[in-house]
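Multiple structures follow.
Each of the next two complexes has chain A plus one more chain, namely chain B in the first and chain C in the second.
Showing the complex of A and B:
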């Protein structure tokens, strides 16, 4: 893999999207930015604009209001892009499985690259999930990364 | 031929390398101030390389040509500034009359290019940021030019950077005189505004207007903007070192001394930006046109009285 792809994996900028979570997952993700966990060690930064982002972090059960907005946000992200689903809600809708308002799990709406289970997952689990994604991407050929 | 060498080697390559290193110092020191570990040494370079590979999105409704041209204008102007500064620093007799004016003028262009880009992107938040940037320029430019005037007065009203350097080589650096010290302080604070860092980062306020002017930029265009900012992170301290601290000299102990000066200025910028809250734009205007301008006028009067 080329130097530019290596640089991509060393400088992932994350954009945080809450699609109707109970806020616990969001707080656990924010923990990753604190001095104890500090994801800037791996070159990750939290950005405020989706156009700057490389990774979309999604928390929460995807509700009807959010589905078109997630799609739009995903389309606005410049390629190459990654999606990380955080928490049981984003993975499988968790306790909202039978809710009238959550028709689809996240990976039926947009492609998901890594799933981080837990309700909420610990910050260590989130970091380890993203690092595993990086390890996996290192081995892949370039074409598979669009 | 020699000028092309200066433009690419000194103006672009050397400035970019030192600027990237400076912005690493800035990020690492920020992290250490917050008890974090911070990014690795090559992180600013990786950020730019990564952005080169990403897709460029031009928003619907943006004026395309301006949107694409704005970052280039900013980058080229920083290159010109740093070339002029390096030429003066290396060979201070080989320059032209009025290059100080050229430098001050071109130091303004990066901000103008950011404003152009912000307005051209057709995003309401970007327009808001651009209009704030415009007001920011209006506020800091007055004390900045007054402070630069102090160095001009010290060099017997010469507008050549070479003469300012020669005066300092003869009579000692300007910063140790009363007026020079005051002017140095004012320029440092104006530089914080020129770099749009806290407390004057109102145009880019992440928490209110989500990166403001740069919100719609992605991929290589954002990389150019980041490179421009990183190069400015060297060009502005270098300008200060030249006009108040006698320039960088490239041999022996002087090299170490120059490096310490640069790192010291960067560390000061970082500490200021980590220990201050963000000001509102009207507070910024009042701050620069009030106390800063008064101080700058005092500095000019002191310089006229040979202090």
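Showing the complex of A and C:
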């Protein structure tokens, strides 16, 4: 693990992006910030601008209006960057699979590092997913990191 | 004075859902507001038309995560309206308990977010900590924290176990002191008074003209609550009061919601203690042709569902009107004339839920001719005629 990763993984700043979700995953993620689950003890902080973020948390079945916007946000993110897909909709579109407005799953639009299944996933699952993201990043050889 | 446009959104830290506000300002004063949506549209009405009646409850549950009881409740009522049947008493009580549990967690969620918008993160943390207790109760009763999957056409899927009732009653009693403290902290705080009193006033006439619903209307002095005016579930059999306030400002909307929390707790306790014995499902098999409506009081106002059946196993048409759809236009009345910092709390004061409200608009651009099927056939036949005449055939 190089010096960059040591600094990077100590405190991941996250940006939350809803791409046509039903609010449940978003609220379960906000729940992680509140006293019972308190994700800030792992150094994570919710930020208001994509330009300050290290991790992009995506929820929701990606809809037509969001696809170009997700790509633009991803391009604006400073490197190194990580993407987490939260909830069944972001994984495979869930019950919205056959909707006329949800043509693609998220990983066909931008690369995804960690998938957290569930409708909605419990806050514990979200925390565990992000911790696995850190572990995964630590285990990667340096040349594989983008 | 020159006019400036302030764009807010679509991805902004103010609300967790994407929506795009266009504020036109003169100096510090907001003179116009516009709203763009569609970032959450998933085509649920169309999706419902390809699902069987029992499956639709699970799709409409995912219209909105916070209203995951309101939509199935209204939908099951609409289908039961086609059949002219009523769910068994025990099922009606279980439905009422689920709906009121949802109302408590939704109002606490809103109160927390409102505190966060005003810069009172203590209230945010406090409310959401309290909300966890309610989610625990819902997990005991339904098995899940958010999507309860309790509703079924003609009854409920899951019974409440007798041994769970004392635990739930104890848990609900334990949150009342904290809730009292919270009420005092919010209602007696001079800073909160200064930020919310007289801000974003929706007068009674304006509320009637804009057809405002739910707590937004009740804060403006309109005594209208579907639970009282058109009782469903177990609401007619239980004592509870409708909360109405008179001023229509942000503070009154807070007051209405906080007092409704206590009423909801009262209803849940009464339902749990008086839970009747018996069946939880009336065993509906076929849905005859016909149409039905169902409307219930969601945490944000009246939620309305219309279902038309043609006798097959799936609805021909399913129409959803969520409360926020009616409450959104009141921004024209409340935000205009206020200052920019106040706009944040006024925009949040109706407890907007954009997932419920999402619509899609298809633009028919000028100058582009739209061809119907008949036009295309005609064009095709004309082309064949042309080729025929070129080749000298008849």
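Simple rule for what comes next: the second predicted complex is superposed on the first by the 146 of 146 C-alpha atoms of A that agree within 3 Å, B and C clash if a C-alpha of one lies under 4 Å from a C-alpha of the other, contacts with A are read in each partner's own complex, and residues count from 1 in each chain.
One rule holds for everything that comes next: a residue touches a chain if its C-beta (ideal position, glycine included) is under 8 Å from a C-beta of that chain, and two chains touch if they have at least 3 such contacts.
If you're wondering where the values come from, they're calculated on a predicted model, not measured in any experiment.
Using the contact criterion defined above for the overlaid structures, shared-chain residue A:20 touches chain C, although it does not reach chain B.
Within the superposed three-chain model, A:79 lies in touch with chain B and out of touch with chain C [touch as defined at top].
By the document's definition of touching, both partners, chain B and chain C, reach A:48. Chain A is touched at more residues by one of its partners, and among chain B and chain C that partner is C.
Using the contact criterion defined above for the overlaid structures, shared-chain residue A:128 touches neither chain B nor chain C, since it reaches no partner. By the touch criterion defined above, A:40 reaches chain B but does not reach chain C. Judged by the document's definition of touching, chain A residues 35, 47-48 lie at the interface with chain B and also at the interface with chain C. Partner chain B is touched in their complex by these residues of chain A: 3-5, 7-8, 10-11, 35, 38, 40-41, 43, 47-49, 51-52, 54, 76, 78-80.
Those residues of chain C that touch chain A in the complex are listed here as 10-13, 16-18, 38-44, 46-47, 50, 58-59, 62-66, 68, 109, 124-125, 128-129, 132, 145-147, 353, 355, 360.
Touching chain A in their complex are the following residues of chain B: 27, 31, 34-40, 43, 45-47, 49-50, 52-57, 206-207, 210-211, 214-219, 222. Listing the residues of chain A that touch chain C in their complex gives 16-28, 30-31, 34-36, 46-48, 50, 60-61, 63, 65-66, 69, 73, 94-96, 98-102, 119-120, 122.
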